[in-house]
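To keep things clear, I will list the structure first and then write my remarks on it.
Chain nomenclature is as follows: A, B and C, assigned in order of appearance, with residue numbering initiated at 1 for each chain independently.
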């Protein structure tokens, strides 16, 4: 007797767990985000563009994206140095150094914010050293830069670390036996293999920096058009009950975040395939 | 308990895993599902267990439709290839799991559970490992515990999926023998899946030879070895010499030459001649027969010699291995002829 | 052909044992090694360790008595209480969600699985301020449900429910993302074995699946808790910043700081910093446990 094959699975509970997951996801994440787009849709295109291209907003975007980019770049350079030291060398305190990399991950942003401010203010330990040189960090865009470097460092290090740890040293030895010097080996043998991971770490650090709030607002001067980051402008507009402005700025930032997320996904997939091929 | 599979079909996308399979498993027998990977044997086992469902067909336990019931309700004991022991429980807790999982009404009390687990562990001779965790056991020990666990709930049928596949050769042989002995003690209907024909021949009451989702032959080990009904069975079980031949006008021709062999009713056209190496007699003097050639290599330890003979001439020569008594002397390059004492002809499939 | 591929070929061709012994971790020239280490230590030290040290230095700048007094202040105690409650709610919510979602995603095949995982991870890439903003848009006075809530005298924004919601949002993926890869790697054979032995689905989940993922679960809970207690941006937007009532610890730190009570601000901040350090220690321990298994 023929029986219609049903799509059953031996493990129970698929239907209910999937339904619950979708419901929860919608209630907590999708609907609230949807509300954001819905609110923005109440604006006409003209109004929307007027808001996001207004001078103060554009400055805020420039500051947020610009300084985030610079900070991520700095983390790319110094993060590479740190990860190389941790993975390749043996020295006393290496494990401690490794653990310290996670501090920006774990430390609450507000704590980081006031600590950095205390450190780089003119009365602070580092600020005091720089003041005679005429360098002001706290309450300037430079302060924003310092804060964003702080919170972005772990992303580069932790993304590259596993790739570098798994890297086949045999390739370097072979290159050395062919007569290549250390710098050449680093540049031509190791770098191409860890490049996808480096770029992924950079993108993650950049994405995190763009949306950062707590670590930045204490040390930034928060002067409009000078040292005012985009998230702060959103908060200000909210406090002024100018919801439309706030949502417009937020939508731009959100779309930028999603694009970055998409880019990171692509980079991560490139990292995986690249690592698989090399080893 | 009797098990019947009727016209069972299963597809995975475009791949047909089982193609209208019919099987009767007799109560109390130890049956082997034998075949290469992709033959459908594990799929069939899992469908019987309730770990998968057919797209078409029926499965019956003692005449009753088993498909509507979930795996937990079918009262089967399943032993996985990679043991699937609960890694965070001790050996004792693993074996007791099935008993403790019963609804309160049917659950024996803790003392009774302890007794039963102890007797099962004695049955598999591993009572001394009761407090260990699976990662502290060897492969062979793990598989025996997996078996004890499956037997704890007194299942009506025991299903084993390549139970010795992950073990090394020596342990495999020991466990094989042990399983056979266990079966004679317990007498529970058992089906086990394997790709190792030696294992199937050694252990099973009956063997089901499968290939590409179909059953090629069912029979006792003796039957499938002595009387294979398809070329696949002949080749899969035991060793075979294969020769491409052509049946023409009541004669069997090899490389264009007549052999004088009986075509066994096979129609004209391309065919393959199958013979066991020890059914092929090797004679020293060439005599104008078709099956003649020269010796390429002589090797082998033990009672018989292994002789590699190259039949025919280059570039279309065929090399086969035959057994010959040690007593006679053989030289490389020597011209010999071969005569199959016992052979099977199967037409070449299109 | 790149140099790496060339090197790969050479490597496959021959390996010189004597050379191998010489080229180990100290392959780079010693002066390169020590400059790199120096730069790394300096960089980490100044950027990462110093801020931590400053927190404690400032907190104790007026002595231990002042430190304790700052912590015993009723508004501070209220902030601590609120933080603990919000963290408990968030962790519990995301723990339950994590288990349910991981079961659906890791143990079954279905179309759109990757999309689902990406959607779940969205909160990671959303700025915390936006996370707070969306809940204000929904439940604020001028939000979509604002009037309805006011009519029924329910407060979400500027009250605990709003703070909890915003915190749940930002910590949403923490538990799930630890569970899914592990559960996928472990496969379903043990679950199948349990079901074949007659166990119900629930018993199988509780006795077989759950114990197998306990370290990953704890790890996810740890990270979720750390983030929940430390969240600032999102909570800042939805809270009313009412002293002693709707201030979590991070907000209280901000309030003290803006009020020029620096020593008190750092005293409360030091608690959060201690939390971070404890989190890091436990994290390291759990990571060691997880790699053991």
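The rule we apply is simple: a residue touches a chain if its C-beta (ideal position, glycine included) is under 8 Å from a C-beta of that chain, and two chains touch if they have at least 3 such contacts.
If you're wondering where the values come from, they're calculated on a predicted model, not measured in any experiment.
Peer 1: Counting only chain pairs that touch, give me the topology of the graph as line, ring, star, complete or other.
Peer 2: Complete.
Peer 1: Please tell me whether A-C or A-B has the greater number of C-beta pairs in contact.
Peer 2: A-C
Peer 1: Centre of all protein Cα atoms: which chain's centre is nearest to it?
Peer 2: Here the chain at the core of the arrangement is C.
Peer 1: How many Å are there between the centre of chain B and the centre of chain C, using C-alpha atoms for each centre?
Peer 2: 53
Peer 1: Please tell me the distance, in whole Å, between the geometric centres of chain A and chain C computed from their C-alpha atoms.
Peer 2: 15
Peer 1: Can you work out the whole-Å distance between the CA centroids of chain A and chain B?
Peer 2: Each chain's C-alpha centroid was found; their separation is 57 Å.
Peer 1: What residues in chain C touch two or more of the other chains?
Peer 2: In chain C, the residues touching two or more other chains are 192, 195.
Peer 1: Pull out every residue in chain A that's touching 2 or more other chains.
Peer 2: 10, in rising order.
Peer 1: Which chain B residues sit where two or more other chains touch them?
Peer 2: Correct list: 50-51, 70-71.
Peer 1: Taking the complex as given, what residues does chain B use to touch chain A?
Peer 2: 6-7, 50-58, 67, 70-71
Peer 1: Residue numbers of chain A touching chain B in their complex, please.
Peer 2: 1-3, 5-6, 8, 10
Peer 1: For chain C, which residues are in contact with chain B within the complex?
Peer 2: Against chain B, the touching part of chain C is residues 189-190, 192-200, 203, 207-208, 211-212.
Peer 1: Considering only the defined contacts, which chain C positions touch chain A in the complex?
Peer 2: Contact set of chain C toward chain A: 2-4, 6-8, 10-11, 15-16, 19-20, 23, 25-29, 32-33, 36-37, 39-41, 43-44, 46-52, 54-55, 58, 97, 100-101, 103-105, 107-108, 110, 116, 118-120, 122-123, 125-130, 133-138, 142-144, 165, 168-169, 172, 188, 191-192, 195, 201, 205, 226, 229-233, 236-237, 249-251, 253-254, 257, 262, 265-266, 269, 272-273, 275-277, 279-280, 283-284.
Peer 1: Which chain A residues qualify as touching chain C in the complex?
Peer 2: So the residues of chain A touching chain C come out as 9-14, 17-18, 20-22, 24-25, 28-33, 35-36, 38-39, 78, 81-82, 84-86, 88-91, 93, 97, 99-104, 106-116, 118-119, 124-126, 146, 149-150, 153, 168-178, 180, 182, 188-189, 192-193, 207, 210-214, 218, 231-232, 234-235, 238, 241, 243, 246-247, 250, 253-254, 257-258, 260-261, 265, 278.
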